[in-house]
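Each chain gets a letter, A, B, C and D, in the order it is written, and its residues are counted from 1.
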Amino acid sequence: MSSIDMPAVAPEIPGFRERHASTIRQWRLYAHLFAGSFSSMLGLGLVVLFLVLAIFGPVLAPYPEDTLGAVKLGQRLLGPSFAHPFGTDEMGADILSRVIVGARTSLWIGLVITGIGAAVGVPLGIIAGYKDGIVRAVIMRITDLFLSVPGLALALSIVAALGPGIMNCVIALSIVWWPGYVRLVQAKTLSVKEELYVESARALGARTPWILWHHILPNCMTPIVVKASMDMGMAILSAASLGFIGLGAKPPHPEWGAMISVARTYMPDWWWYSAFPGLAIFLTVLGFNLLGDGLRDILDPRSRGR
Amino acid sequence: MISFTFRKVAVLIGTMIGLAALTFLITNVAPGDPARLVAGPDATNDMVETIRVEYGLDRPLIEQFAIYMGDLFTGNLGRSIVSTRPVLDELARYVPATLELVLVAMALGILVGVPFGMLSAVYRDRWLDQITRILSISGVALPAFWFGILLQLFFAVRLEWLPVSGQLSLTALAPEPITHLLLVDTLLRGDFETFREALSHIILPAVVLSFPCLASILRVNRAEMIEVLQSDHVVAARAHGISSTRIVTIYALKNALLPTLAIIGLRFGWMLGSTVLVETVFDWPGIGLYAVSSALASDFKPVIGVTLVIGFMFMVTNTFVDLAYAWIDPRLRSAQ
Amino acid sequence: MRNWLFGVAAASLIFGLAQADKAAAFERVGDRKVVVFGGRQQIPVLDPHVRYDWSTRMMQQAVYDALVKYEGNPAQIKPWLAERWEMSEDGKTWTFHLVDNAKFHNGDPVDAEAIRYSFERGLKLNKGVAWMLKDFLDPGSIEVVDSKTVRFNLKTPYSAFLSFLPWWYVVNPKEVKANEVEGDYGQKWLTDHAAGSGPFKLKRWEPNVLYEVEAVGDYWKGWPQGEKNRPGGVIYRIIREPAVQKAALMRGEADIVEGLTPDDYVQIAKQKGIAIQDHPGMTTFSIKFNTQQGPTADKNLRKAIAYALDYNGLLQIYNGAAKLQTSPFPDAIRGYVNIPGIPRQDLAKAKEYLAKSQYPNGGLTLEYYHVAGLEEARRIGLLLLDNLAPLNIKVDLRPEQWPNMVAKGSKVETSPAMTSVYITPISTDPDAVAYQYHPNSYGQYFAMSFYKNDAVTAKIDEARRSSNWDARAKLYAEIQSQIVEDQPEVIGMMQDRRWAMRDYLKGFSFSPVRFTGEVDLYPLWIDAK
Amino acid sequence: MTALLTIQDYRLDIPTFDGALKVLDGIDLALDQGETLGIVGESGCGKTVLARSILGIGPAKGKRVSGSMTFDSVELDHLDEAGWRRIRGVKISMIFQDPMTYLNPLFTIGRQLSDVVVAHKRAKGERLPSRAEQRKRCHALLDQVQIRDFERVVDSYPHQLSGGMRQRVLIAMALAGEPQLLIADEPTTALDVTIQAQILDLLRDLVDRLGLTVVMISHDVGAIAAIARRVAVMYAGVVVEQGMTNDILTQPRHPYTQGLLAALPDIEGGHQVLESIPGTIPNLIHPPSGCRFHPRCPRATEICTAQKPVARNIGADHVVACHHALD
């Protein structure tokens, strides 16, 4: 490290603002456009709230022991009250606490599924887009195979085979999630590949990995970011759906889908039991979708209105 | 055209084989033992073995796989171990119900999604647009199972406007099948009482199923409308004195329908997947429910069968979408 | 233009709304009322010799008859197709004399050949009910003495023989043979057809939706509620969601439902027009330990867990609609004795036993398996998790699909440390319960403990061969107390059997020997205009 | 006699994130019945925005700051949807630049043309024509623009026609309502050179034959000269010079016009036209103070940066806005 020559510091380096004027303008424009849209801000608000709950959940929960499986049979199925704003469940646990701590599980589910989906799908997509011939054919055939049947149906059979449990749900959904990224990134790579600057970089003898990393990937980032934001929500929703069918998280772990799966048998007389976890799923997914939608609006110049 | 058709069929067959192999392998990774389930709680080991032998479950996996794939070519999807019936027969029973539900939901999605997408684009950034936007994104975010139960409780239990679940009330008899689609058959047979019955039963599940689809259609249609409304030919049409209504509902709509069609095709497949949730909530006797109850019983032949059927219907739909594209867009027509 | 566009929007909204559906009070066929049963479980196979579970057997009982029938509480064996029977001195030969007037739905008489064929079929298929008799009865050892007399020649005496016969339904051999395909004994056909002589015959068979049976007007045994009151038939409708079951009951779309949550029963009982059937059952809940492998092979650990559990919590989970077991045998079993000193929650004792075990300070995690979706089992798991915390024992709750769980429990190497199981004895004879603790049962779900005590095994064998009740009773008392001492399982409770029904549904007759949920449909009728 | 079209001190802003684009800055124009006016200028000078504003189809977010447009004593800025319907196509009509994108690709020529015919009848409150009448009218219209194989064209989709044919169809559409004023926005730019000449011939022929009042917009001085009797030169949202075409071509008085004409031989490439003038078109959010042309003007002095030049008459029907107009 020490042997690397540091470039001489020019005496009059323009200030940060001047050097990055166009970048700053770009970001200010993004911020302006984003802030100007009510629905985008609503999405951001919901996502921030969700993240706060996920990070500080155990601190914020009024009855943290209830999230670890405390049994208080004396106070079962109490309606919403001051002590229990969301009521209590069939074991006497505070639903508010469980909903709050459940955010962390959901965040984890969303991150892992989206992360694995992107981590597998993006490289495959870039390779399929950049390489011709047999490599592309193989990757795209397999991708199409997975895409030829709705993910939920496929995930259902995988979880059914693996057995219920949150880990198996995550595995199943990750298995069906990556092809979406392959499709997206492959299409984008195909178009970027033809761009002049990529052609010239290739003509100048740049190595393929360098081109992929410096030209192709950055250009694919926008759609990836937008899709990932949307997918966070959809992954949470899908996991909750599997939880509902009865293939979800195992107790006493608080997970929203599994809570509804139990709570649905308590409808309608004990409505709060399913209403609040359902609302939590809904708002979280809504938040990520609105955020993704807003991001697409500002990041994708084609859809930009001004 | 012939080579085009041939290629389509070849892809279809290839995908079907791939899907069958994929699902077969996926569902056989775990040591689930359906034979035990159907043998009954008190069955002795040798009784369980009887069933295993009968269903070929005692053979090595690779052999089971070879047998299954071989049977597939003769149109044999195996037997459900729970019901003992051939999967193909069961699918024939359940597919029409699902198809009917999905078609009605799709119609609902298009009939509501397209006009509202249009309105949203025309009144862009106004209150109607903002509300539509939040509503449409909510549509995708709503957990279908939760929403379904809420609707059930409200419209069926509280207001008693609509039946709670099922496809027909208990003593109503389905008419002699013609198309196997209940709504169509009752109309064809002139049995309006049963038609009304069937209609009232299909509303809630169709609404729940159509909601996310409606939302997507609405959003895509809105975005496309906005783009088309800014396009040159719309400017020209306005300059020539064509009324805004006509421009929006005829000229621009037809252009915006092309991308909307693509999303309709995509959402159709997605809907088929969602039937596993909606049919469970509404006890709708279709393939989704069949898949769930089979999966929960580790009865995997039906699960593979349902996957194949869904994949098949999805691909057929996409072929239809391609055809519709060509029908709407003369440029594609002459290119073929 | 705006008006026009809004018109489109409004029209598309209105399109979605259809007329309101009026709730029907009860279903009718002609002038007869039809009883509607809303159940959660489907009936995939009706063949009485292939499959049974509560919903299947309820329908089998409706369309078929057996030689004898269980009725009443406590359950008693009543003559049915057989009007009387004799057992030989050595307990190996049983002779049954059939009633004269019994006939199948197609008019054929129910004769001795039909009985012989049905038992032979059941044994040869080696499915469903076969296990009950196959160790004692060869398919070829059933004799037709004359058209109304049939004789069974057992291999060894079997005291519980008669107690299984109510579950062996009689099929019409002529019809079955006519529909045989490739020597399948008519299995394919009987899956969704019936060839019986019971009070109902099949009318509609829509798998996954509903099953309708129609009352046989001239049923050979008559109708207990009287010809005037007998229903036109019964519809068994599948309703999977408890919330929907409740709704259907409230709206009168179903007359009787099963399988609600304990809290639902409490809630729904307050509603007008609803009656709750609540009866002590014979289904036991226990947590089976793996007594041969892993930490739970340590008897002191098992005892510690048994003393740590909050037994009152078990009852609370059922809202009080359950009764703690005082013996490994349910109360309704013949020969049941109350075992004093059966563990109840006592933390001091629990710690004492823990101290004696190989894990004096706890610090271990035990798996608790339960059937995915079985609510009460899950909650008991939570309770256990809470109760074992003071012993520094962690519980890992594992929901699992039934077939997978059974597969796990079929081998001693894979059998979990703790598995929660509900067991309904198939008959009231003590052998039906005691045999669970016999090594011959290893591999069955109720033998997941892999309990091994040679003295107990010997006593079980002796008791099942003896035809002297007093001798047997003494043996069973000893067996019960030894099992409590060995603690191969947490001996839990017996949940009540409950149904919620409309109060106009009459004739409900409970018998503890039936499965949870199973109802004898024969005497039901609707008392309303 | 009052002019057919009067534009007075017309200012238009387009708000953006970085500030308002001052696209039109005090346009004054007048056009009499039967006159032909050309508007010439570089791309981005605001000529298309101006032309579209006359028809009320200017930029969606555009905001009129001041001024007015009056057509045939109708205040165009106060029209509602119904009012516009009585103007568009029947009183004022427009021909567009790229005939491919300005025709709807999904409808046949016949369908689009007869829709226009029907719309005009409705706007005029006349009886709606029958199918046969529509077809007859379409035939006549296409005949007028010298399309001979009517049967083929009428059932064709736009992509099946050549560029020249499409432009003829667009012209036919523009003439369908027998408008008093025809606006031609770069009608030849997107066409091949040979076709350009044909279309210009056709246009000149129609103008002569039908006695049309025309506003023609182009960056191509040659095309303007072929059609327009009068010409206005625009630079950065301002009309810098206007007068009889002949006068301006032979005796440009504004330095910008001079530069523009110096580049005339370079008629084919739109962008190279103004290489003889150094610098680039100004930023319209913060336009140069005073005269908007001063940063590029060889004759600029202090006054040019301080004061906006007022348009002044410097001869018979010749107006120039420059502090240092050429002699």
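The rule we apply is simple: contacts are C-beta pairs under 8 Å (C-beta built on N, C-alpha and C of every residue); 3 or more make two chains touch, one makes a residue touch a chain.
Bear in mind that the values here come from a model prediction, so they are computed numbers and not experimental data.
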| item | value |
| --- | --- |
| Chain occupying the most central position, where position means C-alpha average | B |
| B-D or A-C, whichever has more C-beta pairs in contact | B-D |
| Distance from the mean Cα position of chain D to that of chain A, given in whole angstrom | 51 |
| Whole-Å gap separating chain C and chain D, where each centre is the average of the chain's CA atoms | 88 |
| Where chain A and chain C are represented by their mean Cα positions, the distance between them in whole Å | 46 |
| Residue list for chain C, restricted to those that touch at least two other chains | 1, 241, 243, 372-373, 401, 404 |
| Multi-chain contact residues (two or more partners), chain B | 30, 32, 149, 153, 157, 243-244, 280, 296, 298 |
| Multi-chain contact residues (two or more partners), chain A | 160, 163, 246, 264, 267-268 |
| Pairs of chains satisfying the touch condition | A-B, A-C, A-D, B-C, B-D |
| Chain A contact footprint on chain C (complex, rising order) | 241-243, 260-261, 263-264, 267, 313, 316-317, 372-373, 375, 378-379, 381-383, 385-387, 397-401, 404 |
| Residues of chain B that touch chain A when the two form their complex | 15, 18-19, 22-23, 26-30, 32, 125, 130, 133-134, 137-138, 140-146, 149-150, 153, 157-158, 219, 223, 226, 269-270, 272-274, 276-277, 280, 291-292, 295-296, 298, 300, 303-304, 306-307, 310-311, 314-315 |
| Complex contact set, residues of chain A against chain C | 69-71, 73, 76-77, 90-91, 160, 163-165, 246-247, 250-252, 262, 264-270 |
| Chain B residues touching chain D - in the complex, by the definition given at the top | 230-244, 246, 251, 254-255, 328-331, 334 |
| Partner chain A, residues of chain D touching it in the complex | 16-18, 61 |
